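The following pair of complexes shares a single chain, subunit A, combined with subunit B in the former and subunit C in the latter.
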Partner chain A sequence: MKHMLRQVFRSGKFVTGFVIFMAIMLTVIIYPLLITDHPLSIIGQGTFFPPGIYVNVFDSVSSPAYTIMLDDAAAKRIAGRLNDEDREAIREWLVGAGVADGEIDIANTESLLGLWVNNYDSTANVAGMTNADRNYYIRLNKSLQVLLSTEGVTLAASNPETGALEETGTVEPTQYVNVREVANVRLLPLGTDNFGRDVLTELVSATAVSLRIGFVAGIIATFIGLVLGLVSGYMGGIVDDVISFITNLFIVIPGFVLLILISFSIGQERRGPFVIAVVIGLTSWVWTARAVRAQVISLRNRDHVNLSKLSGHSIVHIISRDILPYIASYVVMALILQISAGILAEAQLSVLGLGPRTTEEATLGLMMNWALIYQAHILGKWWAYFPVILVIALIAFSLNLMNTGMDQVFNPALRD
Partner chain B sequence: MLNERKPCLQGVGLTKVFGLGRKKTVAVDNVDFTFHEGEIISIVGESGSGKTTLAKMLLGLINQTSGDVFFQGQKRDLSSHRKKKEYWRSIQAIFQDPFSSYNIFNKIDTVLLDCIRMRGGGSLSRDEKTEMMIEACRFVNLKFEELTNKYPFELSGGQQQRLMIARIFLLKPKILLADEPTSMIDACSRSTILDALLDLRNEIGMTPIFITHDIGLAFYVSDSVYIMERGRIVESGTADEVILNPQEPYTKRLISDVPKIREEWDLSTV
Partner chain C sequence: MKGYRLYFGKKVIWFFVTLAVAFVLNFTLPRLMPGDPVAAIVSRMAQGMSNTSGVQAIYEQYTELFGTNKSIPEQFVLYVRNALRGDFGYSISQYPRTVADVLRSSIFWTLGLQLPAILVGWILGNALGALAAYRRGNFDRVLLPVSLFFSSLPAFGMAVILLVFFAVSLRWFPTSGGYGFDLIPNLSLTFIWSVIVHYQLPFWSLVIITIGGQAIGMRSMSIYELNADYVKYSRFMGIKDNKIVRYVFRNAMLPQITGLALALGTMVGGALVAEVIFSYPGLGSTILTAVLGQDYPLISATTLIITIMVLTANFGVELLYGFLDPRIKAAQAD
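Showing the complex of A and B:
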């Protein structure tokens, strides 16, 4: 046993897979200890906040201000505020107003702004411009004026008695706050999803739930397959015929169709993650059963089994002590593949909308489903689905890598 | 003289067929025999002649297609696990390949303790069991102290086969089926194995049945010899009758195939 483990850990493939899988497992275990928020608490009002550091505006106004003179501050400010659409709109207006197209470089903020300040006239009538367009340009001009001004912004608070605004201070363009001195700063490394939940926290808890589904499904499938394979392979005769018939029946029916039908007929109320895991387990044991049966048939006429029979051992003893240990490595490999297949099956089901129906727990498949329904892929909100795909891929990759590594150790024909 | 002895194992019309239809193979074809208590029996035949299948049928490891086996004059009944266990207390086997005869996950102690339990010694104290195991190992020139807590695959082929005999020593069966017990062993270990087996026979009074392709061995050890060809027993009788005065061409061929030191080896019959 010890020797076997040492041999397995000498395989590069297995170790790589094991390290990736353990990294995922450890993240899933340690992350909730450090960040104790409920993974599905809705923190953002609005959908799909992009990843980044969120600094509280209210707190930063009252935080100590430092004046730092930086030459490129104004240019950066405008460059950051002028998005591509605005730049394109400015170019259109300038062309309409008679500026040569060749002079305009929308990537160069400084020259673009110079042209705009020199040429813009809110009363000018550009051909083909609607009223809404005109108002848009007036708003754009105003906001640019604010950005361009060297004056500060006045802060005011309304007096609770009179309702009149009273000046409480000004914010200069050269003032800075230290992020560490702002009371409320929230890091959202993967932004928020369509419900306004922190995607990273949600992802970690979803990974945990999906792994659990994978383990439950894998263990159930392997257990059923193992028992049926052992019994039908060892007993032979009519028992083997009956079990093989059932196994073949299940092989003919595509497992995924069966899975869809069962999870659909269970009904939405009872479709929790555990139920889905059980359903996945109950529909994916066939190949394990077949493979185990084949292995057992090749083992049952070996001399050591005959010797065990001659020693008066019962069938249960022979199966568990003389046959099971010989196929144990194979069963462990099958279990690993079943876990990976279980996680993938849950993701597939959930994307179809037939996965666990729950508001308390997220799964990787459900996160994909939500992102799909809220069109994250069309809106370009990659953080809502891409990390999920990556985690699913990493889990499946690491498990399959472990399996391949073990295969090379246990199967002498594959050894190089 | 043989007829005065009690028959211990009898086969009547014993047949084993594998497969169906065109793939049908008759491994053992309508075989009749009577083995008597106390004599040493050899079943000789080339590879594929059905000797091992016959042995497995006699052991009750596979069921016969037709025919009956009589054990000590009575029809053998293996309908339940208990009856099988009872039968296996009286008949035991040594297999051809010692390297595949042991469960590689069990230690040598487990192998020997199983035998003690089989003989109803499960409730003995640990010391008594150890005493029995030491005695069994000493009988076959093994040191139990060196074997305990080891796995069978850590031993040499000869040692493994001797351990197998130690097993028989503990089980004390009435009949021992030795299926090519020396064919995987080098020539030097061979005689010690055979000696151990014959000693054991004298010690516990069992009836050994040697299954072998080696007609020299059969002549050397046995009282009566059965020659098998393609599932049938073609010739039988005392060792002297069959080997010194063979009637069947197949028997003659088997005898001529034995390499001899001072003669040209006749390969024309192969």
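Showing the complex of A and C:
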């Protein structure tokens, strides 16, 4: 046993897979200890806030202000205000007003702004411009002028008695606050999802649930497959015929289709993560049963098994002592594949809308389903779906790597 | 001819047995579930209805419609007879369309997408796997982890990635549908071009996923064969490498064909979900609308049709295998 483990851990593929998988497992265990928010609590009003550091505006106004003179602050401010569409619009106006197209570089904020300030005239009539366009340019010009001015912005609060605005302070363009002195700063490394939940926290808890589903499904499938394979391979005869018949049937009848039919028939109310895991386990044992049977048949007539039989050992003893150790490595490999297949099956079911029906726990498939329903992929909200795909792929990849690594250790023919 | 007749006879019998079991499963699985399916449907439909006699009327109508007031064997006979006639009743979510009508319009898309995609993926995957086994070295060292990673990606994940990259960012291809939303299916050039353009992303996402898994399998198979005694013997005999490689790959190919037959079910399952991502008008999207519309007749018929399709494809591969495996030909000579 010890020797075998040492051999397995010498395989680079296995170790790589093991490290990735353990990293995921550890994250799933440690993260909730550090961040104790409920993973499904809705914190954002609105959908799909992009990833980043969110600084409370109200708090930053009352935080101590520092004056820092930076030369490029104004330029950066303008560059941040002008998005690609605005730049294109400015170019169009300038061309319409007679500036040569070659002079305009919309990527260079400074030169673009210079041209704009020198040329823009709100009364000028550019051919082909609608009234809406003209108003857009006037608005754009105004907001640029506010940003360009060196005057501060006045803060005012409304007096509760008179309702009149009273000046409470000004904010200069050169004022800064230290993020560490602002009371409320929230880091959302993966933004929020369509419900306004913190995607990272949700993702970690969803990974935990999906792993649990994978383990339950994998253990059930492997157990059924192992028992059926052992019984049919060792007993032979009519028992073998019946079990082989059933196994061969369920190999050609697509398990995923049965899964769809069963999940739908169970009904929404009863479809929790555990039930889904059990159903997945019950529909995916065939491969293990078939392979275990083949292995047991080749072991059945080995000398040591015959010797054991002659010594009068019970069937249980023979199976557990003389057969199981020989197929143990195979069974572990099968379990690893079943776990990854189980996680994948849950995700696929959920995308079809047949996943676990739960309001307390998310799964990877459900997160994917929500992101797809809210069109995150069309709207370019990558943080809502890409991390989910990546986690599913990484789990499956790490498990497959471990499996391939073990395969190469136990099948010397495949070694490099 | 005896060997062939025995082989094909067995396969035909097996095909009909699996078909019969598929029918039985499709009929019994939903009925095995706890609770009365009709009651569940009615309670969903009657949400917010306060008129009890109205709810009762709906319940009775559905009992009549589904035949749950008859005995189970009677229901089964009725079900099989109707299914063989192609009559699956009315779709609840797309009423007044019949289920057969809904399926007729989507089967074509699924067949046209999945059959070529799985075949192309299988051929390319086997070619790559064989090459990796033969060349080993760096090509193999790169190909194996890459194929492993791609085969680890769920089909819908690959679909989303291709969709976002080629359709949303680059805008080379449309994001959804089987043809332009402004077109009516006909045989004009614009329509055919539109179908071809919409076909690319779903097709290639399935092909890439299939390649990964097949390449890994073929690589292992070929390595096994390359180390076999007959290869060493042929080398000692001085037979040219080219010829040996041809023997090896013919032998490695046979288990891959069986593998294809056995993996069809899994592949189709993943491909159905990938269809959903592209809103491709095939059976996958039909399942989605059926699930959303709580459309039991449609779900039941779709799963049955998919099972039959997989069984038929499987049967076809087995027949092909009969012609390719020399052992069956040898049995014929006896």
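Please note the rule applied: the second predicted complex is superposed on the first by the 414 of 416 C-alpha atoms of A that agree within 3 Å, B and C clash if a C-alpha of one lies under 4 Å from a C-alpha of the other, contacts with A are read in each partner's own complex, and residues count from 1 in each chain.
Just so we're on the same page, a contact is a pair of C-beta atoms (placed from the backbone, for glycine too) under 8 Å apart; a residue touches a chain by one contact, two chains touch by 3 or more.
Just so it is clear, the model here is predicted, and its values are computed rather than measured.
When the two complexes are overlaid on their common chain A, residue A:L307 makes contact with subunit B while staying clear of subunit C.
Residue by residue along subunit A, subunit B and subunit C are tallied for touches, and C comes out ahead.
Once the two complexes are laid over each other on the shared chain, residue contacts for A:Y385 go to subunit C alone; subunit B is not touched. Of the two partner chains placed around the shared chain by superposition, neither subunit B nor subunit C is touched by A:V117.
In the superposed model, A:I260 makes contact with subunit C only, not with subunit B.
The part of subunit B that touches subunit A in the complex is made up of residues 56, 59, 61, 81, 84-85, 88-89, 92-93, 95-97, 100-106, 114-115, 117-118.
Considering their complex, residues 302-304, 306-315, 321-322, 325-326 of subunit A touch subunit B.
Listing the residues of subunit C that touch subunit A in their complex gives 17-18, 21-22, 25-26, 29-30, 32-35, 37, 40, 136, 144-145, 148-149, 151-157, 160-161, 163-164, 168-169, 175, 216, 220, 223-224, 227, 261-262, 264-266, 268-270, 272-273, 276-277, 284, 287-288, 291-292, 296, 299-300, 303, 306-307, 310-311, 314.
Every residue of subunit A that touches subunit C in the complex is listed here, in rising order: 13, 249, 251-262, 264-267, 270, 340, 344, 347-348, 351-354, 368, 372, 377-378, 380, 382, 385-386, 389, 392-393, 396-397, 400-401, 404, 407, 413-414, 416.
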